[in-house]
Amino acid sequence: MTLLLSMREIDKRFAGVPALASASLEVEPGEVHALIGQNGAGKSTMIKILTGYYAKDAGEILFDGTPVEFSSPQEAQRSGISTIYQEINLVPYRSVTENICLGRERRRFGLLDWSAMHAEAQALLSRFNIHIDVRRSLMTYPTAIQQMVAIARAIGFEAKLVIMDEPTSSLDEKEVEVLFDVIRQLKAAGVSVIFVSHKLDELYAVCDRVTVMRDGRTVRVARMSELSKLDLVTAMLGRELSRVLHDEGAHHAQAASREALLTVEHLAVGRRVRDVSFDIRPGEIVGLAGLLGSGRTETARVVFGADRAEAGRVAFGDIAEPAAEPAEAIRAGMGFCSEDRKFEGIIPDMSVRENLTLALMPQLARRGVVDEARSREIVDRFIQRLGIRCAGPEQPIRELSGGNQQKVLLARWLCMNPRLLILDEPTRGIDVGAKAEILSLVRELAGQGLGVLMISSELEEVVEAASRIFVLRDGRSVAELDGDEVSEEAVMAAMAHGHEPVQEGADG
Amino acid sequence: MGRLDTARLVRAIGRYGVLLALVVLILFGWLRYENFLGSYNVLSVLRYNSMFALVALGMCFVIITGGIDLSVGSTAALGSVVAALLSPYGVLPGLLGGLAAGFAVGAINAFVIIRLNILPFIATLATMLAASGCALLLANNQSVSVSYESGFTELGQGDFLGFPIPAWIGLVAYLAGSLVLNLTAFGRTVLAVGGNEDATRLMGLPTTRVKAAVYILSGALAGLAGVILAAQFGAGQPIEGVGWELFAIASVVVGGTLLTGGVGSVGSTLAGVLLLGLIFNILNFENGLGWISLSAYWQSVIRGALLLVVVAIQARLVARSDDVHA
Amino acid sequence: MADTATTHPPAPARSTARPDLRMFLTRHGAWVALALLVLFNLAVTPNFATWQTLNVNLTQVCAIVIVAVGMTLVIATGGIDLSVGSLMAIAGALAPLIFMGKLFPLPHLYVGIALAFVVPVLVAGAFGWFNGFLITRLRIQPIIATLVLFIAGRGIAQVMTNGNLQVFKVPEFQYIGLGRLFGVPFQALLMLVIVLAAAWMLRRTVFGRQILAVGGNERAARLSGIPVVSVKRRVYLISGLLSGIAGLIVIARNSAADANLVGLGMELDAIAAVAVGGTLLTGGRATIIGTLVGALIIQLVRYTLLANGVPDAAALIAKAAIIVLAVWLQRQARS
Amino acid sequence: QELPKLKQKDKYKVGFAQTESNNPWRIAQTESMKAEAAKLGYQLVYTDAAGSAAKQVADVNSMIAQGVDLIFLAPREEKPLIPAVMAAKKAGIPVILLDRNVDQSLAKAGKDYVTFIGSDFVEEGRRAAEALDKATNGTAKIIQLEGTTGSSPANDRRKGFEDYIKNKPGMKIIASQSGDFARDKGRQVAETLLQAHPDATAIYAHNDEMAIGAISALEAAGKKPGQDVQIVSIDGTRDALQAIIDGKMLATVECNPKFGPKAFETMARYAKGEQIEPWVVNTDRFFDKSNAKQLIADAY
C-alpha cells in the first residue's frame, strides 16, 4: 500500500536547541495513527512542521506521493490536511458558526449566507451530540465545548488527513466516546487520522498503529495490537515506569480524625453554581466530580476569590468570609491551578523561573526587593523534583512544551507550601510518567497535612487519588462518596442519575 | 424568562449606547438652541464631518484587526495636496490622485507592519511623519489652490438631491463597509484576525493579506477624505489633519469597538463620529447664547469631560452585558 | 521519576560558541544604531566633537527621557499614557502661580519655591492616579482614558493661567533646569538618577516583577495573587509624577511657563523613545536603559538633521525612516 | 451678488472666528475683541478653530446658522477659508477679515467681504531685514528661526526678509530651520544651529518668543546676545522690549494684536453706509533701543 504521508529525517532546532533530530512519521491511507511520547518529545513540533507553521531544518515530506513543503497552514489545508492544534486555536470573541465556517463560507449572491452557515455548524455539532446556540460567541462556552467546536471545524473540511493534537485532554469520557465514533466514521470514509494523546487506553480504543517519539527522535513504530501498555510506556520513557503505589488508606485514616480545613455551604453564583456544599480536612484529597458544565470550575473560582459568591458560606481555617480577591486567598494559604493554562496560567514572555515564583514573590522579597539567590535555589529544586524539561530556568516559558508548562504551574503553587491546593484539571496534557509523578507528589504533600481539592475529567484519576468525592450536577452537590463507596461506577451513577443531555439556550 | 429579557436589553443598550447618547445630545441641542436642527446647520455639520467619518471607517477596520493607524491625518493632508495639484485636469484625475496617494501610504504601512514586522503603533507613527513631510514638499510649504474651473470643487461643495455630496460619499462608504464586514468572508476574517491572529493563521486563513488590506483600505479612505478636504475648502492643505487620528480612534472606541480587536461595528462608529462632531457644534452654539462666552480652554475641558462621560457609560454597559453572559 | 530531566541528554549550551551577528544586533540593536549615528556625525556634522554638543544634547533630551521612563512602566503593563504632555503643562502652569504668590500669599520666597517643587509634581501625580482609576475602576481602555486628560488637561492648565505666558526669573527655582553640579547639568543628573532607579526597580523588586506580570498576562497575574488594580494605578501615578518633574524642568529652562506649549507632542516622542529602545508595546517586556538609548537616538537624529540644514519637510521623512530602521534592527533576530 | 449690507442697530450679535489660542499674540487679540464687544454691549459669538482651517470654516458655518449680524474672521490661511467667506456672503452676512487676508484671485474686498484689517507680513520681514542691515553695515551671517512650517506668517516673513537681502551681498542666511513660533523649540533649534555654525553673527526670528529662546541659547553657549550676535524679530511683546532695553536684542517690528477698537469702529462705519477701503492698514511701529523704554508700558 502506498503511504499517504511520509515524513523522513526531520530536524528542527529552536535557537540552537534541537527539538527534532531525524524524526520520522509514516501514515497509511485510512488508518488511525497514534503519535505518542513524553512531554517535550516533539510531537506538536512534528505536526506544526507538517502543516507549515514552522519551517524544518532538514528532512523531507511526501504527502500523497508527492514531495511537499507547505509554507503556511492555509496551504496544508488546501492540500487536504486538516488540523486540530494542541492549544485550542479559535477566535473566542466570534460566534461558534464563524469559528466553524471561517475559510469555507457559504455564499449567496456573492454575500455570506448566514442561515446556511448556522445550519451547517449546527449539523456538524450535532454529530457530537452538542446542541448549543451557534450564534453566541465562542468564549461563552466552556473549554470542552470549545474543543468540540475545534474538532467540528476540522472535520468539516474535505480532508485526506485529520490531525488531532491531544483533542481529548479537556473532554470527559462521554464526549471522548462520541469523538471516537466520529473518528471511526472518518476512517470508514477512507480518511487517515493522526491522533496524539497521553491517555494510553484511548489509543488502544481507536488507533491502528503507533509511532513513539523520545527526545525528538522516532524510537518505535508498531501496530497497536502488537504492543502491550507496558512496552509502550517503556518505549516512551526509555525505561520502566515503576508503579506508584496507592497508599490512600493510610492518609485517609489520618485525615478523618481532624477538623475541617475548608467548609463550603450552599454556595451559589449565577446560573452555573446553584447549591454546592462540601468540606475538606487537612491532609485529605477530595475529588470534585461532575459532567462538563456541572459547575466545578466556577465553584473552585469562587472558593479562591476569583469570582464573587452570591450566596452561601465559605469558611477556610479561621476565616469565615469568602475571599474577595485571589491575593487574599493566597495569603490565607490557598493555591489554585487553573484549567486554562494559556489564558490564566502562564505569563508567556517571562522565564520559567519568574513564572514559577510568581505567587511566592511577596515571601521571596525583603523590603520589596526580590531575593534572587533564594528564588534560583527554589526553582532549581522544583525543576529537579518535577522533571521539568527546559533549557534552563531562564528560558521563556512559552518555548516549553504544553506538559512542561503545566508542571511549572503546579510548581508555582507547590513552592508556596499552601494549606489547601485546588487543582482544576491538573494533569491535562501531561504524559504518563509525569502524571504518576505529580499524583504521587500531591499525595505526599497531603500526607504532610495539605488539603487538596481535585477536579478532573478523568474519573480514573479522581477515583485513584481522592479519598472522598463530591459529585456535582447542574450546579448542585448531589452526592458525597466516602472511603469504600468510591468507585468509578458509583461516581458515574451519581453524575448521570436523572441526567438529560446538557442543553443550552433552548429555554431562552 | 424575564431575567433573560433584561439581560438582552442591557446588552442591546451596551451596543447602542452611543446611539442613545447621540439622540440625547440632539434633543438637548434642539431644545436649547434656535436653528440647531435647521437644515443649514445640519447640512453643514454633515458636510464637514464626512471627512472624519471616512477616516474613522478605515480606522474601525484597522482597530478590529487589533491594529492602529496613526497616519490617517497626514495621509489626508497628503491626499488633499495631490488632489489639488491634479484638479486642473478634471474631477477624476483629482479624485484618483488623492485616492492613490492614500493607497500608497496604506501600502507602505502594510509593508512595514507585515514584512518588517514592526508594531502598527510605531509603523504608522513613522508614516505619519513621512506623509506630512511629503505633503509639505509637494505643496512647497503652502496651501495649493484647486482649480475652480474643472468642477473638482463640486466633490466637496456640491449637493445632490439637496444633500451634500461628501455626505453621500460617506453614506455609501458606510453602507459598503457594513456590508463588507458582515456579509463577506473578508469581513469575517478581519474580525477573526483581531480576535486571535495566531489561531486565525492556524485555521488556514490568509491573515497577512487581510491585514495588508485593512491598512491599505484605511490609507485609501484617508486619501478620499483628503480629496474632500481639498474640494470642500478649495485648497490642498499640507498642514491640515493634525489630531484626526485621535478623533477617529475616539469615535471608533466610543462606538463600542474594543481596541484589542475582534469586536466592532461600522454603524456605531458612524454614531461615534457624529457624537464627537456634534460636541464641537454644540459648543459653538452655546457660545452664541451669550450666557457664558466660553474660552477655548474651557471648551477643551468640557470636551474632555464629555468624552469621559460617554466612555464611562459605555464601559459600564459593556461590563454589565459581559457579566450577563460571561 | 524524579529525575526525568537528567534522563534526557543535557541540552547543548545555548549557542555561546557562535558569535552570531544577528544575535548581536538583537541584543544591542539600539546601541548599534546609536553608535552609527555618532560615527556619522563625527564624520559629517561640523563641530560635533565638543563638550558643548554633548551639553546641548543632554539638556535637550532630559525631559523626554524622564517622561519616557514613566511611559515605559505604563507600556510594560500593557497600557499607554497619552496625557503626559498635558500633565507637564499643568505642572508647568502651577509652579509659577505658586512661587509668584498668585494662588496664596507666601510667608517667604523659599517656602514658595519649596512648594513649587512639590505641589505641581503631586498634582500631576494625582491626575496620573486618576488615569489609573479610570482604567481600573471604570475599565476604560488606556488609550481612551488618557485621551480624556490629553484633551482636558491642557485646557485645565490654560484655564489656570488664562492662557497667558508666565515669565519669571527665580534662580533658586530654575536650578532644576539651569543649575550645574560638578559641571554637569543638574537636570542630566536628575535624569540619570531616575533612569537608574527605575531600571533597578524593574529588574529587582517585587513591584517591577508585578508590572511585567500584569503586562504579560493579566488574568494569570491576578490568579497568582498579584494586586493588578493597584499595580496599574501605581504605574500611572508614577507616569504622572515624572511628567510633573519634566514639566518643571522645561519651564525652568525657559524662564517662562506657557500652558499652551509645554509638553506639546511629548506623548509621541516618549512612545517613540520607548519603542526604539526595544520595549514591547504590547506589554510584558521592558527595558529602561533601552528607553534611555532610544531617546538619545531620537535626540541625535533631530540634532543631526538640524545641524546639517536638512529642510523641515525632508527632516520629517528622514526621522520616519530612522525610527523604522532602528525598530527593525531590534526586531531582526528576535523573530 | 452684492455685498451684504449691515442694518444700523443698537445691539449686534457678532461672530469672531479665531484661528487658535496657543500663543500670547492670539490671546491678546481675542482679549481685545472681547473687551471691545463688552464695552459696546454687543453679544459676541466666539469660536476657536484650534489651528485647523477646515474647522474654522465649520465654525463660520455654525455662526451663519445662528444668524449673527456680522462675522469677524481671522483666517487661518489664504485659500481654504474662501468657502467660509462665500458662504457668509450667500447667507447675507458681511465679513470683515482680521490680521490675514484671503486669496485675492478668489475673493475680493468690497465685493465678497467688507475689508481686510491688518498688517503686512511680507513688509514686516522686510523691515526686520532693513534694521539688521543698518546695524551691521550690510554684513551678517544669519541664522533664521522660522515659524511653523507651512503657516502663512512664516512663509511671508521669510519672503520679505529674503527678498530684501537678495541684493545685499554681505548678508547671508547660513542656516534656516523651524522653531514653531515657540520659545522652547526656538531655543533648542538655536542651540543646535549655534553649535553647527559658531560663525553666525545674527539671528532673525519670525516672532519674539523664538527670539527670547535664542537669547537663552546664546547665553548657554557662552556668547553675548546683542554683542556677539545681533537679534531681530517681529511682534513687539513686552519681553522683547525688555530684551531690547537690556541690550540683548537689536529690534523688533510691531505686529499689534489689539484689533478690537479698529474692528468695531470699521463695523460701525460700514453700518452707517460708508464706503470702506479694501485694506484698513494697521500701522505697525518699530521698536529699538531708541523707543523701547518709553513704549514698554503698552506692549502686550
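So that you can tell them apart, the chains are marked A, B, C and D in the order they are listed, and the count of residues begins at 1 in each.
To be clear about the criterion, a contact is a pair of C-beta atoms (placed from the backbone, for glycine too) under 8 Å apart; a residue touches a chain by one contact, two chains touch by 3 or more.
Source: prediction; values computed, not measured.
Peer 1: Does A-B or B-C have the larger number of C-beta pairs in contact?
Peer 2: Answer to which pair has more contacts is B-C.
Peer 1: Can you work out the whole-Å distance between the CA centroids of subunit A and subunit B?
Peer 2: Going by mean C-alpha positions, subunit A sits 43 Å from subunit B.
Peer 1: Can you give the whole-Å distance between the Cα centres of subunit B and subunit C?
Peer 2: 30
Peer 1: In whole angstrom, how far does the Cα centroid of subunit C sit from the Cα centroid of subunit D?
Peer 2: Inter-chain centre distance comes to 35 Å.
Peer 1: Counting only Cα atoms for the centres, state how far subunit A is from subunit D in Å.
Peer 2: Comparing mean C-alpha positions, subunit D is 71 Å from subunit A.
Peer 1: Two-or-more-chain contact residues of subunit D, please, as numbers and ranges.
Peer 2: Subunit D, residues with two or more chain partners: 21, 149.
Peer 1: Mind pulling the subunit A residues that touch 2 or more other chains?
Peer 2: In subunit A, nothing touches at least two other chains.
Peer 1: Listing for subunit B: what residues touch at least two other chains?
Peer 2: Those would be 136, 141, 295-297, 299.
Peer 1: What are all the chain pairs that meet the touch criterion?
Peer 2: All touching pairs, sorted by chain label, are A-B, A-C, B-C, B-D, C-D.
Peer 1: Under the definition above, what is the set of subunit D residues touching subunit C in their complex?
Peer 2: For subunit D paired with subunit C, touching residues are 21-24, 27, 146, 149, 175-178, 182-185, 187-189, 191-193, 195-198, 212-213, 216, 220-221, 239.
Peer 1: Any idea which subunit A residues touch subunit C in the complex?
Peer 2: Contact set of subunit A toward subunit C: 15-18, 38, 215, 237-239, 241-242, 304, 306, 325-327, 329-331, 336, 338, 343-350, 354, 358-359, 361-362, 364-365, 368-370, 372, 383-389, 391-392, 412, 433-434, 436-437.
Peer 1: Quick one: which bits of subunit C touch subunit D in the complex? Just the residue numbers, please.
Peer 2: Against subunit D, the touching part of subunit C is residues 45-47, 50, 52-53, 55-56, 59-60, 158, 162-165, 167, 250, 253-256, 258, 260-262, 264, 302-303, 306-309, 312-313.
Peer 1: Which residues of subunit B touch subunit C in their complex?
Peer 2: 112, 116-119, 121-123, 125-130, 132-134, 136-137, 141, 246, 249-250, 253-254, 258-260, 295-301, 303-305, 307-308, 311-312, 315-316, 319
Peer 1: Which bits of subunit B are touching subunit A when the two form their complex?
Peer 2: 4, 179, 182-185, 188-189, 191-192, 194-196, 198-206, 262-263, 325-326
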